[in-house]
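Next come the structures, one after another.
In what follows, chain A forms one complex with chain B and a second complex with chain C.
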Partner chain A sequence: MRWLPTFFLMGAVAFLILPILIVIPMSFSVGSYLAFPPTDWGTQNFQALWVRPEWRDALLYSLKVAALVTALALPIGTAAAFGLEYASERWRSVLRMFVLLPLVVPLILLGFALYVVYAQLGWLNWTPGLVLSHLSLAIPYVTLAVGVGVQALDRERFLAARLCGADQARAFRDAILPQLYPSLMAGGLFAFVASFDEAVIALFIASGENSTITRQMFTSLRDRIDPTVSAVSTLLLMITLSLVLASALRDRKTNRS
Partner chain B sequence: MTEPQSTKLRSGALLEIENVGVSFGHTKVLEGITATIKPGTFFTLLGASGSGKSTLLMSIAGFVTPHKGTIKLNGKVLNTVPIHKRNIGMVFQSYALFPNLSVADNIAYPLRLRAKSKAEIDKAVADALAFVRMEGFGDRDTAALSGGQRQRIALARAIVFEPDILIMDEPLSALDKKLRDDMQIELRRLHDRLGLTTIYVTHDQREAMTLSDEIAILEKGRIAQIAPPQDLYNHPRSAYVASFMGESNLLRVTRRAGGGFSLNDTPIQSDHHPTLEDAWLCARPEKLMVSPQPGQADTVFDARLVEKVFQGESWLLECLLDDDTRITVRASDHGGSIVSTVAPGETLQLGLLRRDAYFIERTEEVSP
Partner chain C sequence: MRGGTVATLVAPALIVVGAAVIAPTLWMLYQSILYQGEFSLHHYQRLFTSRLHQIVIRQTFELALTVTVICVAIGTPFAWFASRMASRARNALIGIVVVTFFASLLVRTYAWLVLLQGSGLVNDGMIALGLVSEPLQLVHNRTGTVIGMVHIMLPFFILPAYSAFLKVPNEIVQAARSLGATAARAFLSNVLPLAASGIATGTTFVFVLSLGFYVTPALLGGGRVMTAPMLLARDLSRFSEWGTASALGAVLLAATVGLAAVAYWLIGRRTDADRAN
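The block that comes next holds the complex of A and B.
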């Protein structure tokens, strides 16, 4: 009966993954509506993604926002991870709750609240406003991922660098940062995906020229079932999978050394 | 005009620790630490865990700030000098090598920070590698090295920039016993060749005796005794020191009217005449002679053998004195010795030389 747990695991994985994989054949169908199983095969949906400006712009905009969010969330989230590690026992759990709060608040609530505030401030459909809102989702992921790395730090390397003649900043760069690369990679990946995948907040505060790809998918599904959506889905799936796979392979490599 | 400093002088710095105290919150970790570490000395801080030995080392390095007292290096107060400007080489228990750098880059690291030229760095790294007998390992990954090799590289990195002093925090405790014994001898040799003032932390008394010119025993944040290994072993100042440095029997003795002490009415012949009211006789198990020939020992008393254990190079005998005090004797089975034939229950004679009878103050604590 040793295969039983494996069997259940495979079953669970299939249950979770197969419905997602269904978008891949759909994205190669030809026609003006989404169809499964496809009757004709072709790459017109992928071409549309690049030829039709509303899709191309949305995709590029999402990438831009996600990149900005990642670049900002990494230093802030890392600082928070160190802050939590050095906080006194009494405050640590409270502070950690605050950092993780944006992940447990319902997104629809966050989106609505941001809509009200941003409307007052005139920040609607404004890139920094969207980046800021996504940061609140991305920072907790970075803090969680880097926090694991911070706990496992070999601090003696920092001391060694200091006595070798490095000032604090230099010792951090030379002795601490290299130890955190794997968890920074993981945190960065989470931050990127958190922003890139986000649709609910974007629905409230990002429209028109500043429409993200997920929002574009949502509206095009609502208005008419545009088969381009399946091509976007396949693309997102590939991007996410390759990032996760790259990170997993990296972990395996560092664990072995 | 003063004479130009020779390299030998430079490498042997004087370290003075004056009345240093360290507190973590309300807990006093170190108190009233005073020690003078002479140039070129191999000085060991020995103590149990929690004795404060590592804290003292960290105070010298600068990672811990004493709340009082001064630490002076060649007469200059170190307390306010930033860590990276102290010019102290340190070897850590965990080696603390940078795994993202090659062996040569690890050793070159302190020199790069000092903006040395490439030629200077290459030469110094090659010299340091040769010094620790690791020539040809420069291009290796540190992950590919054994524990002992990593320790050598860590040592090379700690001395390559010609520090004023070298400090080591239990550098051998992660190695297995055989390698540790070899490294002890080698560390001592390297120290003799360098002439660098070295401060070494360990909890292993044998390691401390093997390596050191002088040992400071720390007990609960205070210095119990500072002395060369032989003095410390032969003339411990307290019961704590006696029990920490090797095995010892602490036997209750009474003061005699005419001076000196007696053990169960047997006068103890000794060269040591302390003015103590309550005293213990400190008798090392290996200094006790089993059934000595007449005239061989200065003091002779009876003991009943309770148990006897063969330990390879010697026998361990557990005996009881007349007043039921336990006494441990370590005897080697050389020719003519009765150790191998004597049986439990039999009464033996134990002998002690004058020079081996040493008295220490009896304290409230139960004999350890």
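The block that comes next holds the complex of A and C.
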């Protein structure tokens, strides 16, 4: 009976990870989209991602949106993390609830409600409209990630810098910010992925020329599967993996200091 | 660093949440109680008299319940066995769970589409093993939807359950066993109550999140599964249906937020009781 738990664990782990891993060899297959294991190997799916305009445009558009979202979410989310840290006990839980709210509301409801509102405002398929909605999903991740770093801050370094004659801004930049780099990196990656990987809201409010890569992938899977999907999948998995590694690295550094 | 500063620091985040989440949600609620320009519960009445809406609401809850039961059935032994492993094996196992937790939902749905098709790896494997004589219909139906959703939801159950089990000392099991309890009995009456809050958290996560699934049932259900989110998406293109769709959205919102709040309250109370003991 001793082998039973091990056997069960192995089975469950295989169920969890194997379906994700098969995507990588599939992206290097040539020909029919659904063949696994592949019969012929090549990089034509990745080439198609770049050569075929509908995929390239969607990829570039998603990168643009995700970059904008990350650039905005980092300062806003970091400011909120500091605000929550310094808020009084009573306000902190209320404010935290509001900042984290976008993670609780089902995406489908946000997508539907945003579509209805944007349709009336004429904001459908408008980049700032999509950036705004993705921003609300990205900020909570930044606040959570940076919040961990803010709690572990060595504040005496700030005082030391001030005593050495640095003004507030300089002391913050040179004595506080470097301590937050690992958290900021993890938060930034989370923010990037929250936008880049988001499929539901984008499906509703970003179409036509402003299609995201996830929307392109969804419609391809629904209507007529295109082998390029497997190349996009591998790309998304690589980004996810770097996210997990970055936050593992962050935890190590935070624990050490 | 008081009042004013805190407000200035948090304000930008709150403005974004207000504009992108709270305002549209309120607008949706407002639309649901408006009929031909006047306040009315017409849309809610329609929701509860239309056969389509009734079927869809029932299917949504049934699907979420099925996925939750399977996740609890697989996840509980997984989390428990994993928590009893040596620390190295334990970290490797949970590391894999964390990777799957973060892996793109769209990518995983695609992978299952490939694996479960008629000539896919799962069917080929079962035929090679002699389990079935011809390919089973595993995708473009309810079965495929359930498999795909369980795969996505399982980490949401395992992670909180695992961290609860991790706090249960080995001595508890040994004591129960030495007093003559079977392994199953020791687990059910001595271990499970100690990890109840973690298991309740995981169960709530799975059920609540399953209610809002759109992408997976839309792609793996092949039109044979219709969930409330899918109905919302369909009604989007019909302006005349926005009111009823808003009412459906309100029901979905109430179910999700309501269940999450009740669970939060119950789990909080339980943890307090644990502390008091």
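As a working rule, the second predicted complex is superposed on the first by the 225 of 257 C-alpha atoms of A that agree within 3 Å, B and C clash if a C-alpha of one lies under 4 Å from a C-alpha of the other, contacts with A are read in each partner's own complex, and residues count from 1 in each chain.
One rule holds in what follows: a contact is a pair of C-beta atoms (placed from the backbone, for glycine too) under 8 Å apart; a residue touches a chain by one contact, two chains touch by 3 or more.
What you are looking at is a predicted structure, and each value in this text was computed from that prediction instead of being measured.
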When chain B and chain C are modelled together on chain A, clash or fit: fit
Which of chain B and chain C A:D174 touches, first, second, both or neither: first
Chain B versus chain C as contact partner of A:D154, first or second or both or neither: first
Contacts of A:E209 with chain B and chain C, given as first, second, both or neither: neither
Which superposed partner A:L95 touches (first chain B, second chain C, both, neither): second
Cα-centre angle that chain B and chain C span when viewed from chain A, reported as a multiple of 10 degrees: 100
If touched residues of chain A are counted for chain B and for chain C, the larger one: C
Touched partner set for A:D40, first chain B, second chain C, both or neither: neither
Which of chain B and chain C A:L163 touches, first, second, both or neither: first
Least Cα gap, in Å, left between chain B and chain C after the two complexes are fitted on chain A: 11
Intersection of chain A interface sets (partners chain B, chain C): none
Complex contact set, residues of chain A against chain C: 5-6, 8-9, 12-13, 15-17, 19-20, 22-23, 26, 34, 36-37, 75-77, 79-80, 82-84, 86-88, 91, 95, 98-99, 101-102, 104-117, 132-133, 135-136, 139, 143, 193, 197, 199-200, 203-204, 214, 217-218, 221-222, 225, 229-230, 233, 236-237, 240-241, 243-244
Residue numbers on chain A that touch chain B, as the complex places them: 154, 156-157, 159-167, 170-171, 174-175, 178, 257
For the chain B and chain A complex, residues of the former touching the latter: 61-63, 82-86, 88-90, 92-94, 96-100, 109-110, 113-114, 143, 157-158, 161
Residue numbers on chain C that touch chain A, as the complex places them: 1-2, 5-10, 12-14, 16-17, 19-25, 27-28, 31, 74, 77-78, 81-82, 84-85, 93, 96-100, 102-115, 117, 119-121, 151, 154-155, 209, 211-212, 214-215, 218-219, 229, 232-233, 236, 242, 245-246, 249, 252-253, 256-257, 260
